[in-house]
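Data first, discussion second: the structure below is written as structure tokens.
Chain lettering (A, B, C and D) follows the sequence in which the chains are written, and residue indices restart at 1 in each chain.
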Amino acid sequence: MMKTMKKLKMGMIGGGPGAFIGAIHRNAALMDGLIELVAGVFSSNPEKSRQAGEELMLDPSRVYSHYDELFAKELELPEEQRIDIVCIVTPNNVHYDPAKKALEAGFHVVLDKPMTLTYEEAVSLYKCIQTSSSLFCLTHTYTGYPMIKQMKQMIAEGAIGTVKKVYVEYPQGWLYRLLEHENKQASWRTDPARNGKAGCFGDIGTHAFNMAEYVTGLEVTAICASLHTKVEGRYIDDDGALLLQFSNSANGVLTASQINTGAENNLKIRVYGDKGGLEWEQELNNSLVARWPDRPDEVFRAGTSYLGSLAQANTRTPAGHPEGYIEAFANIYRNFARTIYAKRKGVVPLPEWLDFPGAEDGIRGMAFIDLVLKSNQSSQKWTPFEVLKD
Amino acid sequence: MMKTMKKLKMGMIGGGPGAFIGAIHRNAALMDGLIELVAGVFSSNPEKSRQAGEELMLDPSRVYSHYDELFAKELELPEEQRIDIVCIVTPNNVHYDPAKKALEAGFHVVLDKPMTLTYEEAVSLYKCIQTSSSLFCLTHTYTGYPMIKQMKQMIAEGAIGTVKKVYVEYPQGWLYRLLEHENKQASWRTDPARNGKAGCFGDIGTHAFNMAEYVTGLEVTAICASLHTKVEGRYIDDDGALLLQFSNSANGVLTASQINTGAENNLKIRVYGDKGGLEWEQELNNSLVARWPDRPDEVFRAGTSYLGSLAQANTRTPAGHPEGYIEAFANIYRNFARTIYAKRKGVVPLPEWLDFPGAEDGIRGMAFIDLVLKSNQSSQKWTPFEVLKD
Amino acid sequence: MMKTMKKLKMGMIGGGPGAFIGAIHRNAALMDGLIELVAGVFSSNPEKSRQAGEELMLDPSRVYSHYDELFAKELELPEEQRIDIVCIVTPNNVHYDPAKKALEAGFHVVLDKPMTLTYEEAVSLYKCIQTSSSLFCLTHTYTGYPMIKQMKQMIAEGAIGTVKKVYVEYPQGWLYRLLEHENKQASWRTDPARNGKAGCFGDIGTHAFNMAEYVTGLEVTAICASLHTKVEGRYIDDDGALLLQFSNSANGVLTASQINTGAENNLKIRVYGDKGGLEWEQELNNSLVARWPDRPDEVFRAGTSYLGSLAQANTRTPAGHPEGYIEAFANIYRNFARTIYAKRKGVVPLPEWLDFPGAEDGIRGMAFIDLVLKSNQSSQKWTPFEVLKD
Amino acid sequence: MMKTMKKLKMGMIGGGPGAFIGAIHRNAALMDGLIELVAGVFSSNPEKSRQAGEELMLDPSRVYSHYDELFAKELELPEEQRIDIVCIVTPNNVHYDPAKKALEAGFHVVLDKPMTLTYEEAVSLYKCIQTSSSLFCLTHTYTGYPMIKQMKQMIAEGAIGTVKKVYVEYPQGWLYRLLEHENKQASWRTDPARNGKAGCFGDIGTHAFNMAEYVTGLEVTAICASLHTKVEGRYIDDDGALLLQFSNSANGVLTASQINTGAENNLKIRVYGDKGGLEWEQELNNSLVARWPDRPDEVFRAGTSYLGSLAQANTRTPAGHPEGYIEAFANIYRNFARTIYAKRKGVVPLPEWLDFPGAEDGIRGMAFIDLVLKSNQSSQKWTPFEVLKD
């Protein structure tokens, strides 16, 4: 960083009491000392927002009641004091409007996934991002893991040959029974009005899909979907499986569930090429297993000296000092921040810094949600994947 | 065992030089001291058969050139010397005829899976078994593992509640390239004339299917299949995935592949109910993982005192002394032998002894193969599973 | 937190270019938004210190050349701007003097372990802490892991009965060859003048010792040590093993090595009582394995609802979202900060907050180092452990 | 095998009702079709012996009441019918006499470990073996595992450089409470008159010691022992730990316990050299982990094509089809049988066949037991290891 650099200032929308992901965003954003939280709207209830700001030890004058107020008031501040980044961690029905307004107001935006409530909103936001001079980041957390980056780089460099088969699975169990009325997270994530039309596939299926495309560098071209609502009284899918076709004629299987009772969060991806295979699972995130047809399996470990540049740029600790979910999140924030600094200084950001998820991931994710629902309702086996950006 | 009991005498068809599974059958059959190998036809080449018999230290007069000769000559022997069991470990095109003739000659039959080359043969053999007074066993090896039996028993007893979701996967990598001309196993297993119409799904897909039905006690009622031949020059599927519907409205996913480069043989099954989940994988076969929504995961271990009767009846060693694949195989032989002894003594076999795979598994497996091929060729998503036994 | 609370302000001593642990301290201190870094002396070379401060985007006027200057200048600032906490992350020969002076100047102190260069210094610092009104924290990181806290709580509550046997091992491999001249970390950590008399046992043996006492709540009463220098040309132990006796007549074994070639950092502790056993290893830090004589093993997982209060108070993410080394470190900082806040507000801190390592851990660790060296030189098997604090 | 070969005939001493290891010996001996059980003395109680023989479906005329009778009567039989091998699986106080007599009668002997009740007996039996023309095998089972053989071969070939450090541990928990009066195994294994002076260290400590020497090819030259009896009312050690010195100046640690409550049988050995490390544990016996300072860890897997000749000669199944404890045992029997056949045919046995434990392992094991007890009683740290064979 340069002599005159200051920490980037962030304002948060959402993340008040009872929220899960807001606190994680704060941990991740703060950890590396590049970003500070200075403002926010933490709840649609002004009193709750105020209390949250107080707990976060913010200046009360910068804790707002609505994001429109946030944007307006911050813009009135001198540029040096004003926030640089808006971070949006609200339910999905409150993604589009604040994101669009933040970009239009000239702020950089970090948005939790999925991009928007509907595909139409996504197209509109996508266009807005294309024409904006601000930077946009969508927090597909799992792409921030160093060993996922190693996996991506090894595949790109041909280590396993031509990709033939992709398995990605995202098993959770927390919605194994109807807890919509007991649990704030369950409440909005199963409500189509706040979460969007797809439940499990909007929430975690999109992560699995994003992971498959990110790691392989391939695009999904057709799917065959079967979604289910396994818990009586629920309004939205809580389980499903897809067969996949990829752009290079590879095949795949994607499963996601929130009713795998007892399962925690073990997103897992396995990719096999004609020379070898690579396997990673989130609950053992510091290892990447490589399988070969004629020599011993290898276990690549985070923090070692033999990893590629992409993994190296996304670790903090030496081997054997585990990093985890918050660090994966922090990698996205750190790369985003480094790219902002580079932009300010007028230098070209390193390719490793630019490797954070953004508008393309967002719009493909929203198209994926619509596609899954369409395929699920179809009696035909295959539904082609087309992403219209207009 | 009773005072006047003798070891059961076995004759083997197949299992000569270059074979894989024949030697395993011998290890398994001999291990528990209930069965002895006394005769055989080890190759369609009489000289090779003779040599194999010599290596196995058999009486040369009981090493034959054809199974017709085996049956005829053994029937000429006094009943006390004659073989009791015929074990058939030939390629699939030589299953039906010797099995049928063995049963008709009054021998008990152990047959390697899949049951036959075609579904028509299976129906015919099935009928033959129904009317025979001999016992029939089909070696779906993986159902012989004690922790699989524990899993079956726990599910049957309601430990995880109503089954909602089943994942079964069978990843292999050994056919990742065209080695049809280098490797005897690869040669016949990819040749429709000897293996049957389905490659990967005939060989290992049937194991996965059998496992799913065995463990859950449910029946598959419809499937959606996508098969692939990922290695150029191959005549038969080497990879695929299915979506499944089960008789109790549970859903499932079944994958099988022989091009998961570097993968060995890690058949894995996970079943989730509305109270908990159970997970087992073959390469860690002595453990069964139970997951619960609100208390610690549990690891049930083979050889412990807290297991159910089905697992208890299928172990030899105390906890921490790993049993493996050959013991799983041997469990099938031991249960089959115990059932034969019970029959001879006119006593009712224990339910644990009767728990070996047989005609129903066989015909359902053959119906499954046809179904998979039919669904694969269909543009419709779902193909119902009907098993016609006439 | 209260209405008028501000973030705690921290000044760092050490942690400049080439340092490892300084950056981790910063990640950990910043992550939870309770502490901000505002000042520091990052190197004994003023220019390097200045550059480090610039990279950390600190106000240049608060980047100092010596810790004496740090203390003096900060004391001149108005209390509201002044640092609250001094964090010391220098080599061991620069622990005692700045820690003592910081306490005397009224700052709270976070000190990296081991406490000091010599036992004499430790006694002096210990006395100073006893009479100071400031708080003191020694960063025995591994005690910050939630599943270690769960292990401690379960043992304290009698879950495994009376402790009979303790195994603790700390295997590293990075010093498997002489890299003293290539690597800054290796250079000072193998230099008695900067590191102290014990190498491996000063650096990581103390962690293992502290862990054993922390988790069991017992004290080591005698040891039998065998230390080795396995790499030619090295001045200090790089490997060793101890037999241990504990205060309740339990026995133990402690091993530590830096020449377990290829090993990373898998600190592991296993404790067996007369009712069960508990096992934890750092590279799988989010799991705690419980073993029982007559029922299935259990795996307790971080972030679940069934954990005790101590683990609950030291997590940020739900189950299946791995936390790691930096979060363990951050737990220590967060508990320290919460205790400072409580003290300021005049309220009694929760017991969970007070659970951070301090002066007792420090002086026992330094006594342990002397004891290990004494026992190693003795031809007698057992050397009693006495800690003189005067 | 040659044209005129017959199966080897075995008579068993011990292994009747309530025994554990006898049944395992039978599984192992029979599995490969080289050995058949034809005679035995299964209990010191003639009626129990007779019943056991009946259950094993032996000819009643070859089920004896005492081993003296066994030897005498078998010698009266024509050589072709007579037993070739005597297998002794009695408690340790009934090892020496039958083994010596069997050798003197010209039978080959398979003896369960430890060799004898006392060191004096061992010396006498050792001399007897040296002058006998019969072959002698001591079943240190764990050396029969293919991945242990791979480990031995890799170390011998220099894969990890000069060995510097050896850790071997043998944790069991089954004697965590006093069950001497409930359990036949516990009864004799804790009775000095039947088991010998050392309990845990006679039973499993000897396995750990043998493993360390077998795998490394080094000899232990001095030890420092601390044994304990942790369960009140027990007459013999049930836990302990040793520091070790090896012949090449490597160091080691050996722990063995039967009061690690909940532990099963996970014998584990880790060896580190100046180029890399190798780690194996029995409960994951089909994998061998190699660790390297500057490249990914490797996992060598049983049944693969890339293994060395020693492992290759000791497997039956392809990779991913787990072999276990009984197969490890069977490897010892198979190698012993192949060596007997080679001897008969007058050909030189392959080195892989000769790799079964024998008299040297036996006498060193007995010397180890005495040494451990001597060191335990000494107040001096180190006790040198000398093996007097006269």
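The rule is simple: a contact is a pair of C-beta atoms (placed from the backbone, for glycine too) under 8 Å apart; a residue touches a chain by one contact, two chains touch by 3 or more.
Since the model is a prediction, treat every value here as computed from it, not as a measurement.
In terms of C-beta pairs in contact, A-C outnumbers the other of A-D and A-C. The most distant chain from chain D is A, comparing centres defined as mean Cα coordinates. Put simply, the C-alpha centre of chain A and that of chain C have 34 angstrom between them.
One inter-chain figure worth recording: chain A and chain D are separated by 55 Å, centre to centre, where each centre is the mean of the chain's CA atoms.
In chain C, 174, 263, 290, 297, 301 are the positions where the chain touches two or more neighbouring chains simultaneously.
Because contacts link each chain to all the remaining chains, their graph is best described as complete. Residues 290, 294-301, 304-306 of chain A are the ones that touch chain D when the two sit in their complex. Here chain A touches chain C in the complex through residues 1, 3, 5-7, 20, 23-24, 26-27, 30-34, 36-37, 54-57, 172, 174, 263-266, 282-286, 301, 303, 316-327, going by the rule given at the top. Chain D makes touch with chain C in their complex at residues 160-161, 164-165, 167, 169, 173-174, 176-177, 224, 226, 228, 230-231, 239, 241, 243, 251, 253, 255, 257, 259-263, 270, 272-277, 290-293, 297, 378-382.
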